[in-house]
Structures are given as structure tokens and as C-alpha cells.
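What follows is a pair of complexes built around chain A, which joins chain B in one and chain C in the other.
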Partner chain A sequence: MKNRKFVLLFALLLSLGMLLAACGGGDSGEGSTDSEAASDNEGNESGEEASTDFSAGMVTDVGGVDDKSFNQSAWEGLKAWGEEHSLEKGKGFDYAQSNSDSDYLPNLNTLVREEYNLVFGIGYKLEDAIKDVAEQYPDTNFAIVDSVVEGDNIASITFADHEGSFLAGVAAAKKTKTNKVGFVGGTDSDLINKFESGFRAGVKTVNPDIEIDVQYAGAFDAPDDGKLIASNMYSNEIDVIYHSSGATGNGVFAQAKDIKNNEPDREIWVIGVDRDQYAEGEIGDHNVTLTSMIKRVDNSVQEVSNQAMNGDFPGGEALEFGVEDEGVGLADTNEEAYTEEISGAVDEWKQKIIDGEVEVPQTHDELDDYLDSL
Partner chain B sequence: MNSNRLFNILVPLISVLIGLFAGALIMLGFGYNPITGYVALWNGAFGDLYYFGETIRQVTPYILTGLAVAFAFRTGLFNIGAEGQVIVGWLAAVWVGTTIEAPMYIHLPLAIIAAAAAGALWGFIPGLLKATRGVHEVIITIMLNYTALYSANAIVRNVLSDNEDKTPDVAATASLASEWFQNMTFFSRMHYGIFIALFAAVIMWFLIERTTIGYELKSVGFNQHASKYAGMSVKRNIILSMVIAGAFAGMAGSMEGLGTFGYMSVQSGFNNLGFDGIAVALLGANTALGVVLAALLFGTLKVGALNMPTEAGVPTELVDIIIALIIFFVASSYIIRWVILRFKKEEK
Partner chain C sequence: MGLVDLLQSIIPPALFFSAPLIFTALGGVFSERSGVVNIGLEGLMVMGAFVGIIFNLTFGDALGVWAPWVSIFVAMVVSALFSVIHAVAAVSFRADQVVSGVAINFLALGLGVFLTKQWYGRGQTDMVSHQFFTRDIPFLSDIPVIGDIFFQGIYWTSYLAIALSFVAWYVLYKTPFGLRLRSVGEHPMAADTNGISVYKMRYIAVILSGALGGLGGSVFALTIALNFSHATIVGQGFMSLAAVIFGKWHPLGAMGAALFFGFAQSLSVISGGVPVLEDVPQVFLLIAPYILTILALAGFIGRAEAPRANGEPYIKGTR
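What follows is the complex of A and B.
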């Protein structure tokens, strides 16, 4: 007796499943014809533009495409490139987001299998994955941002982070009143050491008496850790923090804004990283973002996409975007805080870097030598 | 008895179906086509051999962490620490894999045993504290997760590498990676570990169902006082259960270290293998076979979901919500059980 009811239930479920499956078959069939038609159309339309069937995709690292930093900047570049050639997301350009380190390879593979001609790996964490996939698919072009990977079908895009950070250090040194500044890094790695070394060199160059507190959060996706570190720093009289920590830095901004809310008279600042983080520092009429060390990831992504589309993909090359070609620089969006005095000093040092008068240190060892020479 | 068994099969099945259905509603609500969404999920998990290989790769550690949680559950212990046990196992496997030189038939088993031993140690600590001092294992295991995470990061950075982000690759003699599988599945990272995981499931079944040790463990799980009265050592069984559970989770770590990655990198946070193992064990009703099937489902969801944004345009955030809903309904199988019971009573 009891069983009969279960059998009924089962039968119901099964028939529901069948129904769904049947609908599924029909619908997805239609769907695919739709999209085929659409892509056909697109092919015809953009046939005149000669940029037709080239497509580019990117794989984010664990920060995600909305990290208000590095990945987002890359995605903005790719979007700009897509708009330039009147492509739509999903048709011509797209991104795949990684939720953990083990997602990099499947994501790269997905994009390759969907026949994207150029696939970007955003962030040095993808270097191994890009290397493997590039060997397996020699006909697809790959680009890695922030790392150098060898391979004929890989373009490596790097930035002179140390030079930009040096300028951030100059700005921080000019701004601080307590003569104490802080640095918040993501993971303690060669790449972030490059930021740290440049920043410390910049600060000490302007004023050797300024104390610099360096802290690593250990992660690029831990805003709560960032907030905690910032809280400690600000309560130790540090008034300018430069963060180079992806989404972790959002916690630094949050803490600065909290303090500003409670004590409107206190002067504290954050220097953003990778893209102009002006919007992150807004609180009422005030803005705690002194400036941002901008890495034009967007420009570089756009440029490499265009090069690849036009058939001169810089495969096997390591491109470095520096102060010279505006690959890195400081944002001057916060006019109130980023005074002319500061921007004057920054420009002065920028010129010295371009002229080769200062060799900005990239590692801790080089930094020690540099500081000794001051 | 018969209806009880049917029950145990029906409840998880219905939970999964309701979860999928709720996910479909969410997609509809946000203006996405749930059918193309689920087709993309399916294609992303089984669409071609590459994805199939990746799914199996993901299933492998899930089976082991699922077993780790399920095994402790059987003794009435809640092993939240699978996460940390995975990390120490991963570390131990890579440590042995990178520093020792030996022929494969010694090196590979040694690396896996080291991983199991490290995981076992990480399970032994909460087991011991629970047995002798009555400290709740949930608290200890959660704290040990962090201890494992940050200690492993420090060791990777300072001992196993020269201040770098990851260790060197493990020697070929300690690698589980299989060229044969890789060629067959277009370079997926599927590796021989799946056989080890399945074998571990058989061991768990055998231990629990066919040995005196298993009988005692289960008995302690049902009723500590009665077990004690019957002359069993509750303390010994609690410790033993945590040690075996830890060993399973440690082996899951070796799957990542020797199979999937071949190295260990500095982890910025938990990789959730252990936490997902809790859901796997729950869905699998804490039985060996159930865990294998549940792990298959979770691996499918995890790998297939990556394909949903690119193929069906469903945003990543929604995919996370859908997966979470499925897990939610799985975890709330109690409600489904209750509803079915009501259903049954009214009939009488």
C-alpha cells in the first residue's frame, strides 16, 4: 500500500523530468539556431569592418572580474576593444571567472575550445596554466599579464610597477604630516616586493626620516584582513597607506572611510593601485583616495588584442609598459588632496626616471643598495 | 526495513531535484533560460572528454573528504577539520615528493602514506582532546584549519621554496599524473588518484560494515554510555575515528599535491575541499557508496558551473547561488523526510 504512493511519486517525477528534457531538446535547438543566425548576421554586418571573426577572451584570477582593481581593469580594456570593433559580450569577447586556483586550467580550456583566437590570463598566478595550455594548443595565441612566460604563442605583458610605486612613494612622503606611512601588500611575492621596494625607495628619497610600516595580508581576496591591518596602521599614527593587494585593499578603503566618518577632522589617505580607485574613496563630499598607482592594464590588453587582430601578435615577446609610455603613472582625480606641490614633485621624479637619473629598485636587495646610496 | 532503504535513496534524490528546480526558478526570475543554463552545466561537466576528465579530477578529492567527514559522523563526531587535514596532507605529500629520491614503487606509496599520516595527526589532536578533556571537536578542528593553512603557507614559502609562491614540482616517481588519461581526455588533469579514492571508499565500507572495530565505532556513535557499559573504550574509539577520518582527508590532499597540481602553492584561503566534503557526506547519508555518488554530483556541479557563464551567459554570481541552493536543499533533507512521513501517516 505504502509503496504504491511512492511509485506514483516516482512516476510523476520521471514524467516531469521527461517533460523538461523534451522541452530542453526543443528549446536548446531553437536557441542554437538563434545564436547561429545571430552570429551569421554579425558576420555579415561586421564583414565590412574586416575585424569579423577575431575574438578574444580572458580568464580572471581568484579576485574576480569586479575586484575594482587588476582584473576589472583588464576586463574594461577588453570591453573597450570589443566596443571599438562593435562586438558583443559572448560573441567576440568574454571572460571566465576563476573561483579557485584549480579553475584556471578548465577556464582557459573552455575559452580555447570556444575558439577564441586570443586568450588572456590575468595575473601571475596563471603562469603555469598558460604555459601548459599554450603548449597543448599551439594554434591559439595567449597573453599573460604581470608575468613572463616563454613560448612562441605567448605574449607577456608586464608593467614597471616599481617605477609607478616610486612615484606613489613620492606622493605619500609629500602628503604625510605624521612622518609615518604604511604599505599593505597582497602576498609576499616577487611581484608585490617590486611594488614595496619602489614605494619605499620613493618615500625615503624625499625624506629619509619617514617611517614605513610594511604589512602583507597574505591574500588578494581578503578585505577583512586588509581592514584589520589598516585599522592597526591608522591607530599607530600612520596617515597615508599605499595598498597593493587587489580586493584585499577594499578593506583598507573601508577602514579609512570608517575613521573619516567618526573623526571628520582627521587627515588620512589611501593610495590605490592598478586602476584609479577614486570612486572607492568617496565619502560624502570628501575623498580619502589621495591618488592611485595606475597600471594601464586596460590599454595593454586593448593594444595587444588589436595587434593580434591585425596579424602582428607579439608572440614570444616580453612587453614592459613603464613610466615612459604611460603604462604606469599616478591618477590626479582627487584635486583637493593631490595638490600642485605634490604633482610637481611627482612630475619631477618621473622625468628623472625617464632620463635614467634614478634606477628604481625592484627587489629587497636592490632596495638596500639604493637606500645605502642615498 | 525495505521502505527505510527506499527512503534513504529517495530523500537525497528529491533534494537534488528540488535544488535544481529552485535554481531554475532563480534563473527564470533574472531573465535567463534555465534550460540553456543546465545544458551548459551538463556540457561543462560531460560535454566532451576533456570536461569529463576534469570532472573526474574534481570528484577524486571529494570522495576522500566526503569519506573523512562521513567516517567521523558514524562515531557521532563532526569533523569540520577536513579542510585543514587536506592542507597538511597536501603539504606532506609534496614534501616527500620533492625532497626524497626513490624508485616509483617506494616513492609514490610513501608520499601518499605521508599525506595520510599527516592528516591522521591533524585528526588525532582534536580526537585526543575530545576523548580526554571533553573539548568539542568542532571548535578544535575549525581552529586547526587555520593553523594548517598558515603553517603550510609559511613552510611552502620558507622551507620548500626560496621565498617563492609555490614549491618545485614533485618528482616523476611520486606523481599520480597519467599520460594515458591525459592523452585520452585532451590534456585534462585526470589522474590515477581516482582508483585510490574508490579503493578508500571500499575500505571505509569494509571497516564500518564488516569489522569489529567498525561495529564499535558505530556503537559509540549511537550511544556512548551504552557502549561504555558494554565494555568498549569510548575514548579509544573517538580517537581512532578521528585518526582514520584525518587519514582520508590527508589522502585527499595528496590527490591535489601529487595528481592535480604536482606542487603546492601558497593558499590565499581555504580551497573548500574539506567543507564541500561535509555536504558530500550529508548527501551521501554517511555511507561509502553514497559518498561516491554525492562526490560525483558535486564534482559535476563544480566543474560544469564554470561553463555556465561562457556558454549560457548566466553570471558567475547566479551560478554560485544556484549551487548553494542545491546544497541547501540537500542539507535540509530533514524537511523532505518530515514531509514524506506526514504523507505516509495520512494514508494510514
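What follows is the complex of A and C.
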């Protein structure tokens, strides 16, 4: 009998674990009750101070609004948009946090039912969910970040990764002393090939003699493979590595920092991706992050929200935010390494891209043509 | 590329890649040798990585150079405690060991990510600044050829992993304790009649596997990943499990298998510069270790014979 009580207790413990696992982010509960409370209030005091009754919400992917990456950036953009029109969180703009892939649909539905006029899905993982919900609610506008979904009420926000990577290539070419640079990609896919092509074009444009080693780890969550690749590259005299590989890139940083720790005078660099990875590169008094290719999700979210509010929502369009609308760019936080000479060269090429003097290649085929034309 | 250069670029990376797998695989060997299947190695590694990183972030500045060592020790202790859940379910309550192990995996990842979000307010922690660094071993690294390959730029933890394999072999095969542990995994009733407490031995073995799994996870976190998120430990625990099987449930075999996995992975990265191999598509080298594990299981490479009572709960007094 005694044993049975233990079994029960144990079963409870395990199910508690499942529960904990299921409700990941702590603020999720708060977030949704906030927005529910807000929608209750809306009837009473709808937009007394606000300059508009237009509202926009976003659904995060599993990263959450403080992931230092896409979601955070998108939320900052939405907040900036809200401030611009003196709206408050919960009245006019809000987010719904997803703790697992199965939360996307319910979260999107919740925001639609709370009558948000525009709903953002952050990250390509939401593309299926957005497509489904958008078909069910043709009167609501949707936008998806970092993916393209077809539908008259869906705006697709993508970034000119190749242009940003081109600038990263320029910076790498200006920085390298051994004339060898490396590229570490996540999966060998069209999306990451875009990064690779832009980067290689940028490097070769500055100096055709530089050798570029391209390696794909095969996954975005394999820091061990990232470290293996980086270890091999750095020992082959490559001194700048541009990674476009999510958490796999942690391994690249780990290897660079290890070398820097043992040989502080050796010049080796990592170029980060998606957001400013300056903090990842800190090692003692040094920092191995040369710069990072940043996607300005915040700018794009703010702009699309404004367009929608003013009645010209780009439904059915695939928007690409490039260097000209500050959609992509390089971080200049590591002032010691990212010298004026480098930033000067980067600005110069940025201008050429804006002026249309350079057409940055997006695929391997385009890259071949581009390299032939040099 | 000369042979020495080649080995020099393959072996040190293979060693850091393999170290976490060796630790965890040794844990798996202990557990399975005592007759408890441990699918939960992955979860134990997650727990180890989580505790190692959190401890290092919190107390790293106070501990200075000793921070990584204390961190992996704490991770070991916490993971050992955590593995008690598996022991209670699998040994005392005779639950299905595979199911209980899977529950460990879910629980560890859920708990780790949940607490990270609670404490740090986001899905991943900052990067630690007190990680392990590679070292050249004094004197030994000056030996020509061998010194370059085996004693330059290698983590202490890699040596620790290899040394621990021999310790584990000694404990399992040369001590009374080891004999008892193996006997409860082969024929628990016979062991019981000889006065060996089957439950006690199995508890000890599972807790040891928890400690070693935690060690493996924290070493992975503090040499390779440097932060904790849901993407830190992805499959390394299962690779360790494969190493246990490929190594035929023997500590040195498991070590060899883990080293082989690291070697193959390392080789696949640098294959571009190696004659013959450069013509082989990278994907074949990447999958080679797993294919070999399946072949080993299917009986093509010697017989992979599991401890006889592996996976069977022991019920006192039954035959």
C-alpha cells in the first residue's frame, strides 16, 4: 500500500515536469491575460488618447521577445511604432509569446479574435500557421518576417541577406592579413546560399586574390561541428570567419576565443549574423567579433505597420528590405577592430549598391556570372 | 598535406569533440551493465550543461581560474541527484526503463529552458567568460611528431575523459564492486542469492551514470557551446548511447567508439584537403559512425551482446 502512494507521488512529479516543460516562458501567462484584460477595456475607453484606432500585434516564435534576436528586434519595432502614435501596450499593440511550435495557431487566432488589424508572425517557422489563419480571416492583415507566404492579406517581409553579406565580405577582405577567409553556413539551403554568395562576391570584389573556404555544418544547432570547422579553418591560416549558422556559430566563437586566450597577439576574427554579436566575442580585454551582419527587423515592422495604418498595406507582396532602407547593415560596436578604413570601404560599397552600380548575386549561378564579370 | 600535418589537424579537434561523449558513454556503460537501460543520457547531459553554465555565470567571477572545474563538479552532483528519479522509477517501481528515460529527457530540457527563462528572462543565457581553454602540455609538447599531435592545444578535460575510461574499466573489471555491478546486470537473481543487494547496486549504477552524464554535458557546455539554450545539447546523449552499444558495453570500447565518432566528424570537416577522401561526398563521412553502429547492432562487426538482464526490472522472489 505504501508503495502505491509513492507511485502516485512519482507520477505527479513527472507530470509536473511535463507541465513545467509545457509552459516554458514565465511571462506567457501574464502576456495573454494582459491582452485579454486589455480587450475587455477597449470597449469602454476605445482610443481616448490614441491618435488612431488601428492596432497591430505580433506572435513570437519560441525565442520570446527578449531573445536578443529576431523577436526582440520585432517587438522593439512594434513598440517604437506604438510610441510614434502614442499607443500603449495592450491597447493598440501587443505580442503573444509562443512556447512551442504548437502555440502558433492558437496565438494567431487569439490576436485575430481580439480584433487586431495587423498581425505579424515572427520567423519562418510560422509560415504554415499564418497561411492557415490568413485564409480563415480574410479581413485581417497579416505579415510574416523572414519568409514568403502567398495570400492577398499577407505581406512577406524578407531581408536582402546577400547585400548585408556583401558588406561583411568587404569588411573581411579589408581585415584579413593572410588573404584567407572562411564562411560557415548552417544548412546548405537557398537561404544560406544567399549569404554565402553575397559574402564571396564582397570579398572577391575588394581583392580577387583572397581565398575563401566555404563549409556547411549541416545544422543550426551543432556548436560542436561549428567548433570543428572553425578549428580547422583557423589552423589553415584563415583569419576571418563569417558565420551564418545560428547556434552552430557559438562553436566558431568558442574556438576563436580559445585561440585568442592562448595567443593574445594573433589576429583572428569572427563576423556575427542576424544581430550584433559583440557580447559573444568578448574574451578578457579582447574581442574577436569584428562586426555583425544585422537584420533590422525593427525598422521593417515599424514601416509595414505604418503602411497598413495609412491604408496601403502591401498585401500579397514580398517586400525585401535591403541596405537602402536600412534593412540590413553592419554593426560598428567593436571600434578597435572595425577601423575607419574598413567602415569607409563598407560605406563606399553600400553607396554603390544603393546606386545600383553593383548587383549583388543571390545564388551560386549568379555568383559565377558575377565573378566572371570582375 | 603531409601525414603529420593531417593528424595534427584531425586529432586535437577529434579529442575535444569526443570528450563529452566519452564521459556520458561511461555513464551509460555503468547503468546498462547493472541492467538499467538509460535512454535518459541526453537529459542528464542537458541537466549537466544547464547547471554548469548557470553555476559558472553566477559564481565564475568569485572563483576565477577554478570556476570551470567547480562548475563541472557541481553539475555532476546535481545530475547525479536528478538521475535518482530514473533510478526510483526503473528500479524501485519497475517502470518501463525506456519510458522513464524518455521522461528524463523531457523533464531535463523543459526544466532547463523554463528556469533559464525565469532567471534570465529569455530563451538563452549569456555566454560564460570562465570556460575551459586549451593548453600545451609542458615538456611533452616538445616531443617531435607525437608532441604536436597529442599534447598541443588540447583541453585538460579530454585527457580526463580518457583517464576516466581506464578508471571505469578498472572499477568494473578488477574490483569486487565491479563484479557485483556486472552480476546484477547479467543474472540478478543469482546475485541476490549470493547476498548482493540488486536494488542498491542498480541505484548506485544509475546515480553514477547521472554524475558522468552531467559531467559530459557540462564539459560540452564549457568547452564548445559556452551558453545554455534549447539548442545546446541536441543528440549528443544519443550519440553517447550509440557509443555504448558500438563499444559493446565496455568502458574502453565506449571510449574507442566515442573517439571514433569524433575522428569521423573531424575527418569529414577537413576531407577537402585529403587525397581519396576529397572525392567522397561529405555526407557519407558524417553518417559513417551511425551506419557502423547499426551494423554493430545487427551483428556484422562481432557480436554486440548486451548485458543479459538489461532492461528487465528485478522482482525479488520471482524466477
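One rule holds in what follows: the second predicted complex is superposed on the first by the 213 of 374 C-alpha atoms of A that agree within 3 Å, B and C clash if a C-alpha of one lies under 4 Å from a C-alpha of the other, contacts with A are read in each partner's own complex, and residues count from 1 in each chain.
Assume a residue touches a chain if its C-beta (ideal position, glycine included) is under 8 Å from a C-beta of that chain, and two chains touch if they have at least 3 such contacts.
Just so we're clear, the structure is a prediction, and the values are computed from it rather than from any experiment.
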{"item": "Partner chain in contact with A:235 - chain B first, chain C second, else both or neither", "value": "second"}
{"item": "Chain B versus chain C as contact partner of A:189, first or second or both or neither", "value": "first"}
{"item": "Which superposed partner A:262 touches (first chain B, second chain C, both, neither)", "value": "second"}
{"item": "Contacts of A:103 with chain B and chain C, given as first, second, both or neither", "value": "first"}
{"item": "Which of chain B and chain C A:64 touches, first, second, both or neither", "value": "both"}
{"item": "Chain B versus chain C as contact partner of A:114, first or second or both or neither", "value": "first"}
{"item": "First, second, both or neither for A:220, with chain B first and chain C second", "value": "both"}
{"item": "Intersection of chain A interface sets (partners chain B, chain C)", "value": "3, 6, 13, 20, 23-24, 27, 62, 64, 218-222"}
{"item": "Parts of chain B lying in touch with chain A, wherever the complex brings them together", "value": "3, 6, 10, 14, 17, 33, 35-36, 38-39, 44, 48, 50-51, 54, 58, 150, 153, 157, 163-165, 186-189, 256, 260-261, 265-269, 271-272, 303, 306-307, 309-311, 313, 316, 320, 343-344, 347"}
{"item": "Touching residues (chain side chain C, partner chain A) in the complex", "value": "8-9, 12-13, 16-17, 85, 88-89, 92-93, 103, 106-107, 109-111, 113-114, 117-118, 121-124, 126-127, 129, 131, 133-136, 153, 220, 223-227, 229-232, 234, 236, 265-266, 269-270, 273, 283, 286"}
{"item": "Chain A to chain B touching residues, read off their complex", "value": "1-3, 5-6, 13, 20, 23-24, 27-28, 31, 57, 62, 64-65, 90, 94-97, 99-103, 105-107, 109-111, 113-114, 124-125, 132-133, 136, 186-190, 218-222"}
{"item": "Touching residues on chain A, where the partner in the complex is chain C", "value": "3, 6-7, 10, 13-14, 17-18, 20-27, 62-64, 66-68, 72, 215, 218-225, 227-229, 231-232, 235-236, 246-247, 250-251, 253-254, 257-258, 261-262, 279-280, 282-283"}
